[in-house]
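Read from first to last, the chains carry the letters A, B and C; within each, the first residue is number 1.
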Amino acid sequence: MALTAVLEVENLSTSYYTFRGMVKAVEKVSFKLEKEEILGIAGESGCGKSTLAWSLMGLVPPPGRVVEGSVKIDGIEVLNLSESERRKKILWEKISMIFQGAINAFNPVYTVGYQLAEPFIYHKNYSKKEALEKVKELLKMVGLNPEIEKRYPHELSGGMKQRAVIAMALALEPSVIIADEPTTALDVVIQSQILNLMKKLKQDKKLSFIFITHDMSVIAEMADKVAIMYAGRIVELGPSEIIFNRPYHPYTSALIRSIPRLRGPIEKLQYIPGEPPNLISPPPGCKFNPRCQYAEELCKKEEPGFVEVEKGHFVRCWKYDSGKQSSGGAIK
Amino acid sequence: MSKRRGSSGFRRFFSDLRRTKVGIVGLSLLILFLGLAIFFPLIGNMNDIKNWNNLQYWRDNPKAAPPCWAVGNTFKSISVTGGENTSNLIERNGELDGFKYISYSFLYNVETQPPIDVIARFNISYSKPTYVYITMERPDGKYISLTGNPESGERTSVLDLFGVDPNSYSGDIRIQLASYLNNMITIRNYIVPWLQSNNVTLQPQDVFRLTNVAFSTLHQELTPNIINAKNVTYLSGKYNVTFVFYSSDKNLSVALEKAIALGGCYGIVGTDNMGRDLWMGLMYGIRWALIIGFSVSIMSVLIGGIYGVVGGYFGGKTDEIMLRTAQVFYSIPVLPILILLAVIFRPSIWNVISMLIIFGWPSTALVTRSMALQIKEETYVEAAKAIGSSSSRILFRYILPQVLPYLFASIALSVPGAILTEASLSFLGLGDPSIVTWGRILNEAEVAGATINGYWWWVLPPGLMITIVGMTFILIGQALDLILNPKLRR
Amino acid sequence: MNVDKKELMELFSNKRDIVLMVDGLKVWFPLKRGLSDILKGRPQRFVRAVDSISFFVREKETFCLAGESGCGKTTTGKSLLRLVPVTDGVGLFRARKETLEDLKKNGVNVDGEDYVDIFAIHPKKMKPVRRDIQIIYQDPYGSLNPRYKILDILKEPLEIHKFQLTEEEKLETVYRALETVKLKPPEDFVDRHPHQLSGGQRQRIAIAKAIIMNPKIVVADEPVSMLDVSIRAEMLELLQTIKRERGLSYIFITHDLAVSRYICDRIAIMYLGRIVEMGDTRRIIENPLHPYTKALVAAIPEPNPSNRLRMRDVPIKGEIPSAANIPPGCRFHPRCVEYEKNIENLKSKCPLQDPPYYVAEDGRLVNCWLFEGNKKIEKAHASFIM
């Protein structure tokens, strides 16, 4: 309930105000992240998952900004804090981020150790010596040789760099860690090692992750709870087992069935015709309706609400929004 | 097809330019200057330019005169020619005592300031001794004889005034009254007696004081203390200067070509010390500025652009050689070389332009080479190779189009540099003396001590023009920068 | 011409259903030598991106090169188009008659009656071959000239190769190519620029460009890895349809084994410039034999939510070494768990000698000392009998 939820997001909306028009990148997103839980946020390009990650951190680049909603980390509302308060108290201490690739995270002219020590020195006022101790601890935690702190980022391999990025995110022991496509640029063997590391850290350190990726197999590998995003909205949110085995939303089920599988019977892969909508002038009603094989008149006119169809399972689809239409079961 | 693509590139470029404020200002100025440069013959006087080095052409203009709008009370030049009978000119002829005489009376009005000179040019023909008599009648009715008065028995021969054979001559003669009066003998003979007869007290040294101001003194209110008075008051009203030619030759003919009462100001930006109309020089200078600016910048940017792209694309040894060559040229300082060349050879503007191009292309080459190095690594360039494109195709259809926007910006930004370099050369006196450029005007101003003498109209306008034209191109270049930077980063 | 090549050519002549036969392909990039290296007489070092591989491709077949980044699969694909310099190897290609004629006209020595060694052609004389071997790139955003209209992009191959067509005929060809890649109506697309199209549409244009000259082989370099998951299936189906209708072959390069299971007929798993396992795709994925393939298959996540409750067990050690420092002996041995388990028996082989290719029961090739008991392939090219 609210007592154990480490992150509570309600009706979060973020838009970009470009000279071409207003892009509603994230629209009325709501979810809860419990302690020691991994929430996977899945979606294809342009669905808004990266903007969502930045919105939670308060790092939405201009011309974008959070338009409405509430984000509570450990019960503290963060959206109405000032820039400096957020920087001092929330950023990295309560919520941190694992970036995609060290190119975004590391400055090539400083050593790894120096950069890992920064949060300790600036946020917690540690001395250099104390910070170095902490850095070595962190490196060991992510499976790296502590002597690596003397090296420069370019001297590390891809896998090692990604471990260092994870170390950086763990530095101040935040309540929530957002991992934005942390393994997309990595080879599959290194990916498995990094994912194993994250599983271990979650268990040992009782961490909570938001895992953002377009790769549904990786989501299955990591997430307890899954949110499927489409055109800036969460269209389905629920336990991993339900999302993968009996998805309700037509988009979710089509997505699941478009994944090529390494094992098991070879079935014809499904694909979704058409393209994701233009977020400046999206179609009226349900944003998925032009590509949905179940679309009806209502779908084209009104956007369905985010309805809890079972405990902890939410769907945004007229098929399940009782009161307006007869609800059906899972779509197979 | 490539023509179509090229022209659509141009159109896109100009539409982008129009969208920025800086671009609009720059573009409008450029169009203005182009118009002035091209249509100069319609708005200006090509003869003035053709005769820029012909000092005789300018002798009827006031020298080093400021523009009329800048000076408060001033005399506005009046000029008449002999062909027309205007109210300012009265011609008479007749016979008297056996002499034929032809006289021209030139009338001018003085309000607050008198003219600085009266100039008259005649075409005369005679075969017997001929004499001249000049008088001035003032508004207060007083007459002054400026030469020997035949009624008193003195005759001044044309030899004395014009230096021509008094017995027989056919041709042009010219007189400037102020310089004629700027002569101790003339002052002693004619001015001093006249002043004394009008109760002006004169000391012996006043004769010297009268030189340089004799002519204007003739226009002053007559007070006993006229020489030493601090405030000068001029007598306003109608003045009449009469030139009488008389000779025993009944076939004496005198035609007035031009009579001018010269004001102390002239034109829109005044004159230089030779009397040349600086406005013409200024307007005509636009032409050369643009010619020099454009030819140097377009040629050096095109040569440099293609050179750099070719070197960057081919890489390897070819690139090494091309790069080092470009770097050598780049490191040679242009101005000292140009000065050296100008001293050794006869400076011609086309030599200067060629030299500026020869030393100007490397800077563009170095940049386009870097751009080519980057672009050739792009996937679509490799894809072009995969389908079998030749190197020249890749260069001209894949790489050069990406570099073109930078070249346009480069052209715009190189223009001021070229104009300034030529102006510097001309200013140092090493420019092409056969053409009129702003640098040359500035050079002549400096030599004549214009700054010391306060001839601001000679110095400021050319400098301002160089600045404004330079600024025009920088504005255009800046606008391009605003438009192109994101594209350059692509 | 050495004996090996003669044998190869005889083999190739008889196998009329094989369109390409590559033997001993090496692509070694020289590392820049510093002054001290030259002075000390150190030998020239190379990045051995492709270190002697052999394979063949049948007509109407999708042959896959799979592996992690840096294994040499992309370099192999590009070497067929001579976009990278080829250090060694023979590549017999059954080109079209017109292509062979054009090559002969340009003074190229055409070895066989209906084929040519594409690696022996001077790069500047490769142009006719480019009609028959084409490439689709991974990046739909970078592989199309941003300044060209779609019409120009698709017309360009026709113009470079001087197809004798009128403007109308060229336009028709372009329209048909657009329709083949399901961009309908084609008139809507010809005047647009790449940046006006989505990633999926751009990749279709890239496919259209690759097939517009009716090549025999198309090298597809990870053509769907930068596309959204929900449209990958459509793109793969499109590629299959085109293959059937036009009778061409794909060399499909991918790092995603799951995708290869759906599209590849035969697959070659590459590691550090060498093929470690090659044969029928499904059998290899369902039952990998080479230790590396086993690790690769084990590492790939599956959309099965119960996986999150376990650690993923991947039988491999360490990280990929640089291709400039390939380990001696079997290049995989430092990471091989099997070697570690049987170190007593294998220490005289794996770290010392490069293993030969062995034929497993189902006919696949494995490059591993563990299969020493099986039939050995003496000469690499004899492996083509499959």
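The criterion applied here is as follows: a residue touches a chain if its C-beta (ideal position, glycine included) is under 8 Å from a C-beta of that chain, and two chains touch if they have at least 3 such contacts.
Source: prediction; values computed, not measured.
Visitor: Specify the contact topology among the chains shown, as one of line, ring, star, complete or other.
Guide: Here the contact pattern is a line, an open path with two ends.
Visitor: If you count the C-beta pairs in contact for each pair of chains, which pair comes out on top?
Guide: A-C
Visitor: Return the distance between the CA-based centres of chain A and chain B, expressed in whole Å.
Guide: 73
Visitor: At what distance in angstrom does the C-alpha mean of chain C lie from that of chain A?
Guide: A distance of 35 Å separates the two centres.
Visitor: Show the residues in chain B shared as contacts by 2 or more other chains, in ascending order.
Guide: Nothing qualifies.
Visitor: In the complex of these two chains, what residues of chain C are touching chain B?
Guide: 81, 83, 126-127, 130-131, 134-135, 137, 139, 142-148, 152, 156-157, 160-161, 206, 209
Visitor: Would you pull the chain A residues touching chain C in the complex into a rising list?
Guide: Listed in rising order, the residues of chain A that touch chain C are 38, 44-45, 157, 159-160, 187-193, 195-196, 199-200, 214-224, 240-241, 243-245, 254-256, 258-263, 266, 269-273, 275-276.
Visitor: Help me check something: in the complex, which residues belonging to chain B touch chain C?
Guide: Of all residues in chain B, those touching chain C are 1, 5, 9, 378-380, 382-390, 393, 397-398, 401-402, 490.
Visitor: Show which residues of chain C lie in contact with chain A when the two form their complex.
Guide: Where chain C meets chain A, its residues are 68-69, 198-200, 228-234, 236-237, 255-259, 261-262, 282, 285-286, 295-308, 311-312, 314, 316, 319-320.
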